[in-house]
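Chain lettering (A, B, C and D) follows the sequence in which the chains are written, and residue indices restart at 1 in each chain.
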Amino acid sequence: MLEDMNEKCAVVGIYGHQEASKLAYFSLHSLQHRGQEAAGISSSDGKKLHTIKNRGLVMRVFNERKLETLSGSSAVGHTRYSTAGDDSILDAQPVFARYDLGEMAIVHNGNLTNAEEVRNKLIEKGAIFQTFMDTENLIHLIAKSEKEKLIDRIIDAVHRIEGAFSLVFLSRSKMFAMRDRHGFRPLSLGKLPNGGYIVASETCAFDLVGAEYIRDVRPGELLVFSEGKEPESIQVFEPTPKHCIFEYVYFARPDSMVFGQSVYQTRKNMGKELAKVQPVEADVVIPVPDGGVPAAIGYAQESGIPYEMGIMRNHYIGRTFIEPTQEMRDLKVKMKLSPMPNVIAGKRVIVIDDSIVRGTTSKRIVRMLKEAGAKEVHMRVSSPPTTDPCFYGVDTPDKDKLIAANMTLEEIRVYIEADSLAYLDESSLLRSVNATEDNYCTACFTGKYIV
Amino acid sequence: MLEDMNEKCAVVGIYGHQEASKLAYFSLHSLQHRGQEAAGISSSDGKKLHTIKNRGLVMRVFNERKLETLSGSSAVGHTRYSTAGDDSILDAQPVFARYDLGEMAIVHNGNLTNAEEVRNKLIEKGAIFQTFMDTENLIHLIAKSEKEKLIDRIIDAVHRIEGAFSLVFLSRSKMFAMRDRHGFRPLSLGKLPNGGYIVASETCAFDLVGAEYIRDVRPGELLVFSEGKEPESIQVFEPTPKHCIFEYVYFARPDSMVFGQSVYQTRKNMGKELAKVQPVEADVVIPVPDGGVPAAIGYAQESGIPYEMGIMRNHYIGRTFIEPTQEMRDLKVKMKLSPMPNVIAGKRVIVIDDSIVRGTTSKRIVRMLKEAGAKEVHMRVSSPPTTDPCFYGVDTPDKDKLIAANMTLEEIRVYIEADSLAYLDESSLLRSVNATEDNYCTACFTGKYIV
Amino acid sequence: MLEDMNEKCAVVGIYGHQEASKLAYFSLHSLQHRGQEAAGISSSDGKKLHTIKNRGLVMRVFNERKLETLSGSSAVGHTRYSTAGDDSILDAQPVFARYDLGEMAIVHNGNLTNAEEVRNKLIEKGAIFQTFMDTENLIHLIAKSEKEKLIDRIIDAVHRIEGAFSLVFLSRSKMFAMRDRHGFRPLSLGKLPNGGYIVASETCAFDLVGAEYIRDVRPGELLVFSEGKEPESIQVFEPTPKHCIFEYVYFARPDSMVFGQSVYQTRKNMGKELAKVQPVEADVVIPVPDGGVPAAIGYAQESGIPYEMGIMRNHYIGRTFIEPTQEMRDLKVKMKLSPMPNVIAGKRVIVIDDSIVRGTTSKRIVRMLKEAGAKEVHMRVSSPPTTDPCFYGVDTPDKDKLIAANMTLEEIRVYIEADSLAYLDESSLLRSVNATEDNYCTACFTGKYIV
Amino acid sequence: MLEDMNEKCAVVGIYGHQEASKLAYFSLHSLQHRGQEAAGISSSDGKKLHTIKNRGLVMRVFNERKLETLSGSSAVGHTRYSTAGDDSILDAQPVFARYDLGEMAIVHNGNLTNAEEVRNKLIEKGAIFQTFMDTENLIHLIAKSEKEKLIDRIIDAVHRIEGAFSLVFLSRSKMFAMRDRHGFRPLSLGKLPNGGYIVASETCAFDLVGAEYIRDVRPGELLVFSEGKEPESIQVFEPTPKHCIFEYVYFARPDSMVFGQSVYQTRKNMGKELAKVQPVEADVVIPVPDGGVPAAIGYAQESGIPYEMGIMRNHYIGRTFIEPTQEMRDLKVKMKLSPMPNVIAGKRVIVIDDSIVRGTTSKRIVRMLKEAGAKEVHMRVSSPPTTDPCFYGVDTPDKDKLIAANMTLEEIRVYIEADSLAYLDESSLLRSVNATEDNYCTACFTGKYIV
């Protein structure tokens, strides 16, 4: 699919480890796939919060000396995918604030659907906004809450916001982790090897730092981390799960558990289902790497058609600003993906991708495979047609750019020049992720948004 | 004197020029001596404000492409000297805010003496502070003011703050320039060659962009710039001038006019007065470059003792982190200043510096001159002993670091190993700057702070 | 295997295209996996050669402006893996020289076994050497040759050198491509879409620029490119092929053809052979990515045991200089590779790697899999034990660092903590690459060096 | 004069100090004004030479870690002004070579007039040239010399070259310093505080490292530095001094001694002579900073007309690529120089510059002064009209760009829009530098080149 849709962020929180900011750093590195534009960490040394954030990859933003200034035994961190391309104001997180109870830092993965309304109300009452991030609403709501204790203010604040949020708050002495009632975005809890806790968007962050997965933070739950205590759980909202099914389709790392299941396994299941409901005679099954790999393995296992590596991904990619020569077509895709003629030539090829968003990349891939000699190209997509934008924390193109919102299946097939095209239907997708009830958000495929 | 005391900032505003941000950029370059740590510009295109700010010199922060994104016919800019050395939160200006009247950006040169008190009150009422800059108070006061129009809110806000401020505010359609009632810090008004206006901390910014000096913004005056009109003047406070005399002594560029007078001329006058009141028999008069040059020229002219270049300044300076060898003494000073043995050897030398703050640099300079063969070294300082810290926008060491606050004249002379040492007394200094009334702040020499 | 052995270089030559240096640039990008330390391009505009080379990745060394200065219709390029870690002298290629016939630039992939002897002779006769590269010998030999024409001098020069060399020479008007008689290192010839030719270390360079593969440059063959003519072939040496079998095992990109065969296909064959000769009962077959993927696919196909993605590779890797905390074991490997517990836990796992060099990485991988819950770990290596260093252009550790040169199979198994360990034997390897005769160099497995 | 003519290089050598490369580093920093394009140092640890060189200022090329790799007790260093603007081949020094006697590194300030002829002869005999630097000739000549000992080879080699050269050679155990018979370019010898020696292009390098000036290396002299011995002197050529008078006029730092005299003092003398031979009635004497300062002081002292700072130099200069607005004239000069209206307005101004090369800068300066209100502008130049290019190590524009080679005095005056214009004549210039005999090269004023 290649970057047509993007997870907006990842969050992490560390509590009770004397090198908290270092653990946050390594965790953020594991979560780098969820946001490459900016990174930041705030730590608390018990008296004062320290914050460093900047544009760039985690490894570029921090160094040993900077991590040392982020002293203390608790820390929250964030990586960000910037939608705006606007380098004017530094919209990086954590969002830091001094307020009447002292200092706080917040990291947020998600999107508030009533952000503008809340902001307007706050602004009417004299608040000022210095960034373009939804998260700024939260620090205002907390600062303005009339409750006395921070915990009550957080509860007060989250009652005033709607939409998707996996949040971690840091105060001088405590840490709080909270998910919206629908649990749109993931957030898991782990235990550090020598005591202390970690919360993170994906469990792949646990592995690098040696943490053990305990359970997910529950939808609507607020976890409170205090010194010398077990985390205290407060169920702020009745949970009505609507997990983002696209985490399984594309965003999360395959070695992560999200929403309690292995991402790799659900993707493989999607491939298997796809083989059952959308079979086609062919010689080889190949993935569009890296996203399509697990589903292609599943498809191959189910169909008995051999799995092959038919497209190679080049990872020495940066941005090149060199104009191609006039003979060089589809350069942008070809810099990343190259076909393996030997695998493809003369063959009937099933190519598995995780999704089709704009369709332009798919068109280039099919063309590339045909030029490499494929006799037939059958595009199989391990998710339903993407027809509607996301309002819960994913950066999607406008509806008029979503090919499936504007063309019929056959029109798309013709456009991408494939011999056949088929998607995984919604119910097969739900089956792949063991969704016995309707506890997943599938709005990007169905337009059925939670009100 | 070499960087023991530092001006904290410079501001600039451009109104009514289609390349406003470019003019702000060149103006900031001229004001670079007032702050080298960070730079920023906000522009308005009539609908929206655009802001770019970052750490580094003006030339590094901006490039042609970035300036193009700062579109519109008005702009405000800022350079900053960072006191904290803290690279955690980006305390750069302009400070940008969205609030109930839309968007604004503020640049500020000065220091608010009641900043903490104001901030605490605002925080009590639920405000949050995201930076460590005094300037953040102002956007809160404006946002929270109950007046309807921005202009009235600005007036409201500046009534609640105390201390030193030369401010420029940018809204979508207007620009405002304001100085505190004492006019501590400079702010001048100029006219652009093809229409439009500029306000800037020093007139040296006018020359590069071809602007013509009109007059200073008056203490307590608010200037309002609106499309198609002459700037409107509102005298918000009764002016009670207390101009910072240290602008003449050290901060301002010699080619600037500040407070209505040529900086170079006042410095030359200081040198002449110094020759009158602190004469000494000698063979040559030499400045500590670059600060001491004008006063040394004045001293030489008045005394008839030849002016010479006895210390050379090396401008290829960056920060070196190379440790010197054990034989290399006083490396830090010697990387910048080197003596001219031929001018000095066997001579009785009067060396003119603009001020003595900590005394360590003076000691090294005297030692350097003696090692170069000076028979006698007579240190003459073109300002009174610096005994008290500044609260009006200048970064001064703590009182216990100010040598003149802790030693007698003779003790200082012994410490710096000079054959004689004399300062310019306060009344001679005032005479040098034509201060017929007591309209200058001399608190750093006298401890007499304005209440 | 992860970087224990490294290809030293890649070369490319473009002839007869008006944007020759741009094509060289994109080709080098495709060959980046063969050397990441330095890159360079020389072009000829018919009158003069232009050269740019520097440390860093291809994308960093060049930009549009620099490529424009490399004007002309022919160009040679190089990427380099630096063995020395010595940043003193810039040992980057092309090597440029002015000599009696004008100017030339040479790029070289390989290693001269008589380099020191040749150099000493040249030095005895008064030559000077300004770099530490073998390639410098060649320009001396050409310059000193008593033949009149460049082509004869090249022939003269290559008769005096021994070892591995795939060379491209650029003069003002011609280009020459040459391989040693054994054809140790690959070099292929392609045709550009609108006329003109390309030679490159691997055919993956052809695909990006739209070139068509014609054939390999033959062992001992010299190809001469002149304006307006077909490339002229001169068989300088009787070909006695000894192709580097490690190109198939590890170095070349799987989408390349080298030595006339698909790299992917030969690797898959190795996996299939391995399944035949070293079977083991297990639940899943997983590769060590990315190197082990093709062989694991082959192993799975042959054995019928399901192929799974059991280890995930993280491509957001740079160098981190952050020290791990004391709980963090095996950080260096874990930053790159992470296990998929869901695939592994409770399973008997066959893990396929392309080779074992030092053994330390294998040990960490086995440990990682066991910690992720694997019931049994069976390491299968798709090449024979690496026992001997390479003298033909590959950077290998010293013999005392090669685990298979110092331990028995069982000792290695114990060391890496695997339940079983097996390698592909030499004859099976040769069968995998269709080596009916002994036309491959297997010295790194056998110690049988060509004299 | 502002960069219309440029010294090409500086050299330094350190012998007998355990931190030799560090001393070379600091010395090069002092010599930075002689070349800002590239810098390099080679050191010898007795067994091996180590070299680091790159583009950029001395402070950028080196850091503590790099200096540590340059181990050993002897070192040579170089800074370079690049004429070509060609970043293709890294033409930085030291030039390093392995040859039959081992390793050597050479640094060179000057220009060989028979370089092409020597190179062609060497090339005819089979030598190759890998750079575009004259210096490469020398290593060939040394390597090819039939003498046995290095010292004899150096003597042999310098007999074959003509032109200007101040050279320092480093071998594993010795260091050699040599000047051509005319002593065109300076080279001085100093003693380090704790033993050991330094040679450097200017004595300003001695001051920073605490070295004591002993004497100049004599024209035609070769100094040999060996362990545990005093430097040995060999007078290779009969000295026939032709020192570059432009070192006094512009190149050397005023705090240096070159050719045995204080640069500052000679410049002041030029100003005094100029006042005697080219008097004019005026109100103030001002320099074009920084070059014109010493001569302006001299002019003022001799004439009795007050010395003033009438033009201010801005040292926050980098390269800006921002296009000026249409109203902004003469931006390039104004970014560097700004007038002091207060000093100039209504005055008859004598402005002193060290030289006029192209005339464009002078024109802009006069215009700037007039716009600032000068009643009259009298340009006085402290050297004769520059009419001829230099072939001895200075980068001069072509003769058709030299205004004085193409216009009469009156035409130049009209062109630069000055009220009067006068130069210092040759005999007055010679008198200023105490040149009793004709031992200076004045070819750039007279066209009288040494054959």
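The rule is short, and it goes like this: contacts are C-beta pairs under 8 Å (C-beta built on N, C-alpha and C of every residue); 3 or more make two chains touch, one makes a residue touch a chain.
This is a predicted model, so every value here is computed, not measured.
*Asks:* Spell out the chains that contact chain B while also contacting chain D.
*Replies:* Common neighbours, chain B/chain D: none found.
*Asks:* If we define chain centres by averaging CA atoms, which chain lands farthest from chain B? Would you check?
*Replies:* C
*Asks:* Compute the distance, rounded to whole Å, between the mean C-alpha positions of chain C and chain D.
*Replies:* 48
*Asks:* So the centre of each chain is just the mean of its C-alpha atoms; given that, what is the distance between chain B and chain C in Å?
*Replies:* 60
*Asks:* Listing for chain C: what residues touch at least two other chains?
*Replies:* Where chain C is concerned, no single residue meets two or more other chains.
*Asks:* What's the complete list of touching chain pairs for this entry?
*Replies:* Every pair of chains meeting the touch criterion: A-B, A-C, B-D, C-D.
*Asks:* Given the complex with chain D, which residues does chain C contribute to the contact?
*Replies:* Residue list for chain C touching chain D: 50-52, 66, 69, 87-90, 95-100, 119, 123-124, 126-130, 139-140, 143-144.
*Asks:* Quick check on the complex: what are the chain C residues that touch chain A?
*Replies:* Within the complex, chain C contacts chain A at residues 17, 19, 22-23, 25-26, 29-30, 32-33, 36, 57, 59-60, 62-64, 67, 192-194, 204, 207-210, 253-255, 257, 262, 264-265, 293-294, 297, 300-301, 306-309, 312, 314-316, 318-325, 327-329, 331, 334-335, 338-343.
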